[in-house]
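The structures considered in this document are given below.
Across the two complexes that follow, subunit A remains constant while its partner is subunit B and subsequently subunit C.
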Partner chain A sequence: MYRGQSGQWSWLLHRVTGLAILLFLLVHIVDITLIGFGPTIYNDAISIFSLWPIRLVSLALIGAVLFHAFNGIRIILIDFWAAGYKYQSQMFYVVLAVTILCFLPMAYFVVAPIFGICPQGSCSMTAM
Partner chain B sequence: MAAPVKEGQKITSYGASARPTGGTGFETFSWWFFRVSGVALVFLAIIHLFLMHVSTDVSETVYDFVAKRYDNPFWRGYDLLLLTLALFHGLNGLRIVCDDYISSRGWRVAIVSGIFVIAISFWLLGMMTIITFHRNINVAQSILGMLGH
Partner chain C sequence: MAATNGTRSVQVKIKRFQPGEKPEPYWQEFRVQVEGNDRLLDTLNKIKWEQDGTLTYRRSCAHGVCGSDAMRVNGRNRLACKLLMQDLGSRISVEPMLGFPVIRDLVVDMDPFFAKYEKVKPYLINNEPLPRTERLQSAEQRERYDETTKCILCGACTGSCPSVWANAEWVGPASIVNAHRFIFDSRDRGGAERLQILSDRTGVWRCRTIFNCTEACPRGIHVTDAIEEVKRAILYGSTEGD
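Coming up: the complex of A and B.
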């Protein structure tokens, strides 16, 4: 980190979110393999995703993906738009704003079942 | 390794290597792959999250849900593309991070080789799962059966 300006924070966040998403992806490839073992084993295994702590992990993953995606667009804009580098700092704040704006409604759908609310009409919670 | 910066080129810190000035080497390919796969993944990954956590609650994404989805070859193709681009985008990112922090050449070569093995193994595993899935057929049991168990 150098003087902790927005460029460094975006760089660090891009790395950390990228590595976290990768770790989840590797786990996810393995857990989805269980679908080849039939409905009983698969449904039993993925009921883990409905535990409240795992819902919170999913929520963190959603936040990480949204930030990484929008900050990636910012990086591409700096690469291909001649004047892009002049606005890198402003664009970083736009990235943060858009991330939060998309995150909040998605978070409601993920977290609501913990409190017994099913926005989609049907959902269930796995008891701890 | 980061792409070389030309003398006099304006360097801004924005979280990525500078745009390559040409060349056909692996690092140039890597730079372009990050951006092309990244643009595709913005849509592929966010739509995937929306489908699995918003339009349907994650607790309802059970075997039957996947079976109905995979009756349509479009979604198998969608998942194959998402798997392939996300895995290679992510592991290539890990490779860049290792290049940055591992100064010993021997260790770097060993770890980057390991990343390559992980990439191929997980890709094959994921592809196999998506392609061989068939409603009411226990693929794992079939494979074990063929092996004589």
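Coming up: the complex of A and C.
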């Protein structure tokens, strides 16, 4: 493994999160398609997303989307702002910080129902 | 580790490849007494002259100008003649650069690298009638491409680039740096031709702004910036934007 610095890690993370999002997109196409089979089948299928292991996977997806989106802005700035390359490393740490800041409240809403806390008033936890 | 008279003992682990004797690369460790202001190249010389004469590596000027001794040191591409032992710790790993076919030990095949370099026409193109005197250039016009004139073609940038490892056809950062040197030269008239070459599948767009090249360049060239400038020149159809 080459000992690259922040640029290499941001690229690698961008790739991995991009592939993860693509994978979820395929799952999403399948679950949305189930609407065509009627409300019962769709509701049964979609309730899988309330299971705690799937909630953790959703959490990873949220992290992936947030990092990919913010790092995408960093890449756009490097590409189109002539001075962007000078700040690529600092921008990487800003991307990480903003990702974590946005991730934490979202994580609370996704994970809290596992522990019986219902931030939105009613929990839709499905028993395993 | 005993330190006497400013000398100390270091362990140098070298990735060897001796085709004809061993089919696969292997690691070999050497223990060497070095001084802080020795360079890594001096240490390799000590190993070759005093311990194992079969150790093979390139070096020529030994002063950071010819670009012969680029290699991967502790995981990063560096010139052995520009690295002081005092900056390297007591356990050092030395390997040939990634992305190049290895010929023997630390010697890599630079032929594909130079073929890609030639592809971007790294020379002045100007078919206008010769002027009576030299082709004048203002200080600002000269400054425009100053940084990319510093390239010594050592290959440290190209060997650090994951896009090069993934696709041997890609022209790589060093070629783009040398294209940049002429594309932004006010005396040159081959810019459009070079931008055309660099806009195809194996051109600048394979750069993923990973910045390993910029960090590896022993001449301090902002390689990724040069590549980005060429990208924007292709996109905007002009070299005036930056």
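As a convention for this text, the second predicted complex is superposed on the first by the 126 of 128 C-alpha atoms of A that agree within 3 Å, B and C clash if a C-alpha of one lies under 4 Å from a C-alpha of the other, contacts with A are read in each partner's own complex, and residues count from 1 in each chain.
Going forward, contacts are C-beta pairs under 8 Å (C-beta built on N, C-alpha and C of every residue); 3 or more make two chains touch, one makes a residue touch a chain.
Please read all numbers here as calculations on a predicted model, not as lab measurements.
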Query raised in the report: Of subunit B and subunit C, which one touches more of subunit A's residues?
Result: B
**Report entry** First, second, both or neither for A:G116, with subunit B first and subunit C second
**Finding:** neither
Query raised in the report: Does the superposition put A:V30 against subunit B (first), subunit C (second), both, or neither?
Result: first
**Report entry** Which superposed partner A:A82 touches (first subunit B, second subunit C, both, neither)
**Finding:** second
Query raised in the report: What is the contact status of A:A69 with respect to subunit B (first) and subunit C (second): first, second, both, or neither?
Result: first
Query raised in the report: Which partner does A:G7 reach: the first (subunit B), the second (subunit C), both, or neither?
Result: both
Requested in this report: Indicate the residue numbers of subunit A shared between its subunit B interface and its subunit C interface, in ascending order.
Outcome: 2, 5, 7-8, 11, 75, 78-80, 85, 88
Report task. Spell out the part of subunit A that touches subunit B in their complex, as residue ranges. Result -> 2, 5, 7-8, 10-11, 14-15, 18-19, 21-22, 25-26, 29-30, 32-33, 35-39, 42-43, 46-47, 49-50, 55, 58, 61-62, 65-66, 69-76, 78-80, 85, 88, 102, 105-106, 109-110, 113, 118-120, 122-126
Requested in this report: Over in the complex, which subunit B residues touch subunit A? Could you list them?
Outcome: 10, 12-16, 19, 35, 38-39, 41-42, 45-46, 49-50, 53-64, 66, 83, 86-87, 90-91, 93-94, 97, 118, 122, 125-126, 128-129, 132-133, 138-141
Report summary line: Residue set of subunit C touching subunit A in the complex reads 72, 74-76, 98, 160, 162, 208-212, 214-215, 222, 224-225, 228-229, 231-232, 242
Requested in this report: Spell out the residues on subunit A that touch subunit C in their complex, using ranges where they run on.
Outcome: 1-8, 11, 75, 78-80, 82, 84-86, 88-89
